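Below is one structure, written out as structure tokens; the observations come after it.
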Amino acid sequence: MDDLDFEIIKRLQTDGRTSYTDISEDLGITVGTVRNRVQRLIENQILKIVGVVNPFKTGSPSVTIFGLKVRLQKLDNVIKKLVAIPEVRFVAASTGVYDLYVEVITSSNEELYRVMKNDISQIDGIESMESSLLLEIFKQSYDWEVGSQTSQQ
Amino acid sequence: MDDLDFEIIKRLQTDGRTSYTDISEDLGITVGTVRNRVQRLIENQILKIVGVVNPFKTGSPSVTIFGLKVRLQKLDNVIKKLVAIPEVRFVAASTGVYDLYVEVITSSNEELYRVMKNDISQIDGIESMESSLLLEIFKQSYDWEVGSQTSQQ
Amino acid sequence: MDDLDFEIIKRLQTDGRTSYTDISEDLGITVGTVRNRVQRLIENQILKIVGVVNPFKTGSPSVTIFGLKVRLQKLDNVIKKLVAIPEVRFVAASTGVYDLYVEVITSSNEELYRVMKNDISQIDGIESMESSLLLEIFKQSYDWEVGSQTSQQ
Amino acid sequence: MDDLDFEIIKRLQTDGRTSYTDISEDLGITVGTVRNRVQRLIENQILKIVGVVNPFKTGSPSVTIFGLKVRLQKLDNVIKKLVAIPEVRFVAASTGVYDLYVEVITSSNEELYRVMKNDISQIDGIESMESSLLLEIFKQSYDWEVGSQTSQQ
Amino acid sequence: MDDLDFEIIKRLQTDGRTSYTDISEDLGITVGTVRNRVQRLIENQILKIVGVVNPFKTGSPSVTIFGLKVRLQKLDNVIKKLVAIPEVRFVAASTGVYDLYVEVITSSNEELYRVMKNDISQIDGIESMESSLLLEIFKQSYDWEVGSQTSQQ
Amino acid sequence: MDDLDFEIIKRLQTDGRTSYTDISEDLGITVGTVRNRVQRLIENQILKIVGVVNPFKTGSPSVTIFGLKVRLQKLDNVIKKLVAIPEVRFVAASTGVYDLYVEVITSSNEELYRVMKNDISQIDGIESMESSLLLEIFKQSYDWEVGSQTSQQ
Amino acid sequence: MDDLDFEIIKRLQTDGRTSYTDISEDLGITVGTVRNRVQRLIENQILKIVGVVNPFKTGSPSVTIFGLKVRLQKLDNVIKKLVAIPEVRFVAASTGVYDLYVEVITSSNEELYRVMKNDISQIDGIESMESSLLLEIFKQSYDWEVGSQTSQQ
Amino acid sequence: MDDLDFEIIKRLQTDGRTSYTDISEDLGITVGTVRNRVQRLIENQILKIVGVVNPFKTGSPSVTIFGLKVRLQKLDNVIKKLVAIPEVRFVAASTGVYDLYVEVITSSNEELYRVMKNDISQIDGIESMESSLLLEIFKQSYDWEVGSQTSQQ
């Protein structure tokens, strides 16, 4: 990745539908270069251009954050199993009190319980889990500064 | 919001750059309808089309989840102040142990400390905060099922 | 209260609609005595004859248990305010980690958040609160043995 | 379940002994319909008409709330065993810190210890349990609004 | 046990060396009765007449309170093993966060660590333990009211 | 304090009624010396000769351990107020999670609640308190080794 | 700081008394350069050459780690006051459950209590503190790799 | 160890490069005695003369404190394995909530995660671990008073 990648990303972070023509003119490169670079960033799972929905504005969903403590020697397997559950939207390793943070979005509390009971609870290696239901989202932004550390050096 | 909105959203959740022409043909409506509906969804802060970056693939960032306990009578003010901090990427109210979940992304641990000390700590009404540094992200998906509860009824 | 009260209560604990005639014959007393005793037990808030509904079978409600830590010198006022909130179904003082246990039943997560934010959070003297959403009820019985300690002595 | 069921339930929630005649007149249906519907609601474990006693007014009982963490793969068995213990009055699955909330009512602290030691502790799959003794009940009401979500739509 | 036992106990609770003659005169019974009753109370492990020392006034000891979480099915064995450790001065079952409270008194922090490592840690069935070192004792009294519940009835 | 004090204490720790004559013969000193030394140890609040009762064998009491977090600048005042409450049997400062450990013995759960509500809760400076009811005592011994550190040197 | 600084530091991390002559020969620079650089590193509080003692091998000390929660708006003042206490050996800000980690070394538990009560407890802005007494140190090393991130780039 | 050892240590605690000549003159002993004593103190792992670096001034490191709960019967093995990990800088047994305190210093958050995942997590006997990233160090001093307890007696 180089500064050009970062410049392209920055434009897409604020508006995922910025036209490649605008980006190419803005950066003084060809449209083909923009297209190739974006494609490569997406293929390498660095970038994902998506319509992000505020779940609280499209029905009455259950958005739940789980903190998991895991038998550490089984961490890899637990992660693989969690990632495969469709309702699981986010999985990350962390410092602090929990080994993993997991986000689950379902269309109701009943469906949440079904996922907890039939899917998450069946994974061997989860020692304990604590869950927090989100009740309202006040900010959700995606335009964090990329490449800043590199450019400082 | 009606089923047409949900159908449009579903297509953009998987690929934020799906052309309006494709969507219009797919759903048997005019391109203008697609454009108007998308615009309205964005204006009403229901939808946001963005390039989402995996922060761990664009440098060496500090991605931190905070759990905050808040003097409840000052909740509104705390939320307003948090939302205004640029490094704060996510703010949500929740059940469970914490009153608010907050996500902060900075380009280093030093910058994280600066945000904690100069910005978050200065907000009147935060009783205590616990923080967890994310160390790796294994899944980050945005195509949860919208409108499912409505369509069941 | 005497053994007769306890005998009457026992019959109503299992079936709240047992006819006073059945009770009077069963215990060898007049129907009037049964009626008077039941009335007095209800007036003294010892007994309450109610239709108890399993909330998970009549819609998709949010049944939430709160554990509250309270500025102890304001305990009386906090209890008074909590009792006055219609969605608050249960308030009890306890040993252990929390000072008060509170149960709230609302018809959705949104309404739960409204009660937390507009009603509970405004009560002066609540230091912190933790909440757990119930997801399914497996047993709910009301026929505990009354008067057993007395009758042993 | 339909609106008629909800209307009947509402009347019984406040007073479990409301006569079927009063309900039938109030709703403009026959007494037989009321009787049949109530019977069906009871058979389907949606409704239970009981005399609920305030345990603190009928002796000196031990009313204890347990929060249980459970080896998740054994959750079903743990629930089945808990439900079978007579002193266990309430069992529910929950989000938050605990997997299960359990309420136990005994006639003394000694009997509580006997139940904890001989019954609950013997169940395979309980990882840990925390207990809180209730010391006084300030509110206990059962007339939550049923069917409200349906009627809004 | 009867009221006479309680009366004898009350006198010994305040001063363990009250002469049996004084007690007998005070209660209008023979010295032999006092002696027999005390002996029986001691044999039944109801009463223990001891010189209680404030450990902080006789050197520089380590007085430590342990809260233990125990694999509940092994509770009996854990208790038996703990009771057999000489430095363990107190073992009790409890409600709340811990299953057992244990007090250990040693003559130094080093010896405390030796007991924790060689004795307590070796007991099969202890899930986890938390420890608090006492730093100063401000009150230690033993004359709680015995038999009060009986005499009220 | 010297070795003679420690030798006298050791004899009284096991049996608080050991006669001074036995102690004097055992240690080769006069009875007067024993008496004077014991008196001085008691006056200096180093020793207390008492009848210790197992509260679970003399009725059905509530024996409760409190862990208190205290506004640290008010620690002295909190201690003074706690010591003055008759039902408070033990007060100690500690390391670990709590600032103070407190033991309360009452004749019932109701009386416990009265002490919590009317006495402990009124003390200015207590930030929060957690309580554990003891359910059975398995060991309670008082003959810890005094003077051992001195004699090793 | 440059690579030469890092090379000098590495040699002193393993042996703080490595002669400047050895270092100068090893790195092919003059002794004067070594001396100047070391002096500057010390003046800038980057390096400190000290005799580190294992406290458990020079008596019977109390080595205690405190986790502090702080009223965040007073953080600067709390840090300043803690740093000024001679028995406080280490103060650091942190993520996780506590705002500050503090290490205190005293020559006994009594002296520890004196520092907690007279010094730390008097600091305005400390909300709560938890303490852990260290009982034995198994590893204490100081030769972490400096400058590694720079040299990789 | 005697008072002479303590006097030598005290001089090296403040400045690890104090010349042996200065120490010998200061204490009125020969340089050879100083050298021999220091050597013996180092060999017995009582003293270590090192250049201690403030990790936050030599790059952008991850300094992390871990609190570990350990299956107590495997404590010895866990300690041995932890000590062998190069990035582990400190291992100590403790009272309080955790069984072991461990400090890890790595050159980045990524490397921290690698150590947690590949090294610490693989150790059999660690039940759970909580981690806190240090963000800034305000005090780090090494001149605690040695031998003070001995000299008082």
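Note that the chains take the letters A, B, C, D, E, F, G and H in the order they are written out, and that residue 1 is the start of every chain.
Assume a contact is a pair of C-beta atoms (placed from the backbone, for glycine too) under 8 Å apart; a residue touches a chain by one contact, two chains touch by 3 or more.
Since we're looking at a predicted model, the values are computed, not measured.
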Legend entry - Between A-B and C-E, the pair with more C-beta contacts: A-B
Inset, instruction - Please compute the C-alpha centroid of subunit F, do the same for subunit H, then give the distance between them in whole Å. - result: 38
Legend entry - Centroid distance [mean C-alpha coordinates] between subunit F and subunit D, Å: 43
Inset, instruction - Could you please state the distance in Å, as a whole number, between where the Cα atoms of subunit D are centred and where those of subunit G are centred? - result: 57
Legend entry - Shared-contact residues (touching 2 or more other chains) in subunit G: 60, 93, 95-97, 108, 112-113, 130-133, 135-136
Inset, instruction - Report the complete set of touching chain pairs. - result: A-B, A-C, A-D, A-G, A-H, B-C, B-D, B-G, B-H, C-D, C-E, C-F, D-E, D-F, E-F, E-G, E-H, F-G, F-H, G-H
Legend entry - Touching residues on subunit E, where the partner in the complex is subunit G: 56, 60, 62, 108-110, 112-113, 116, 133, 135-136
Inset, instruction - Using the touch definition up top, name the residues of subunit F that touch subunit H in the complex. - result: 95-97, 153
Legend entry - Complex interface listing, subunit E residues touching subunit F: 1, 6, 9, 12-17, 44-55, 57-61, 63, 65, 79, 82-83, 87-98, 101, 105, 107-108, 130-150
Legend entry - Partner subunit A, residues of subunit H touching it in the complex: 64, 112-113, 117, 120-122, 124, 126-133
Legend entry - For the subunit G and subunit B complex, residues of the former touching the latter: 69, 72-73, 75, 93, 95-97, 127
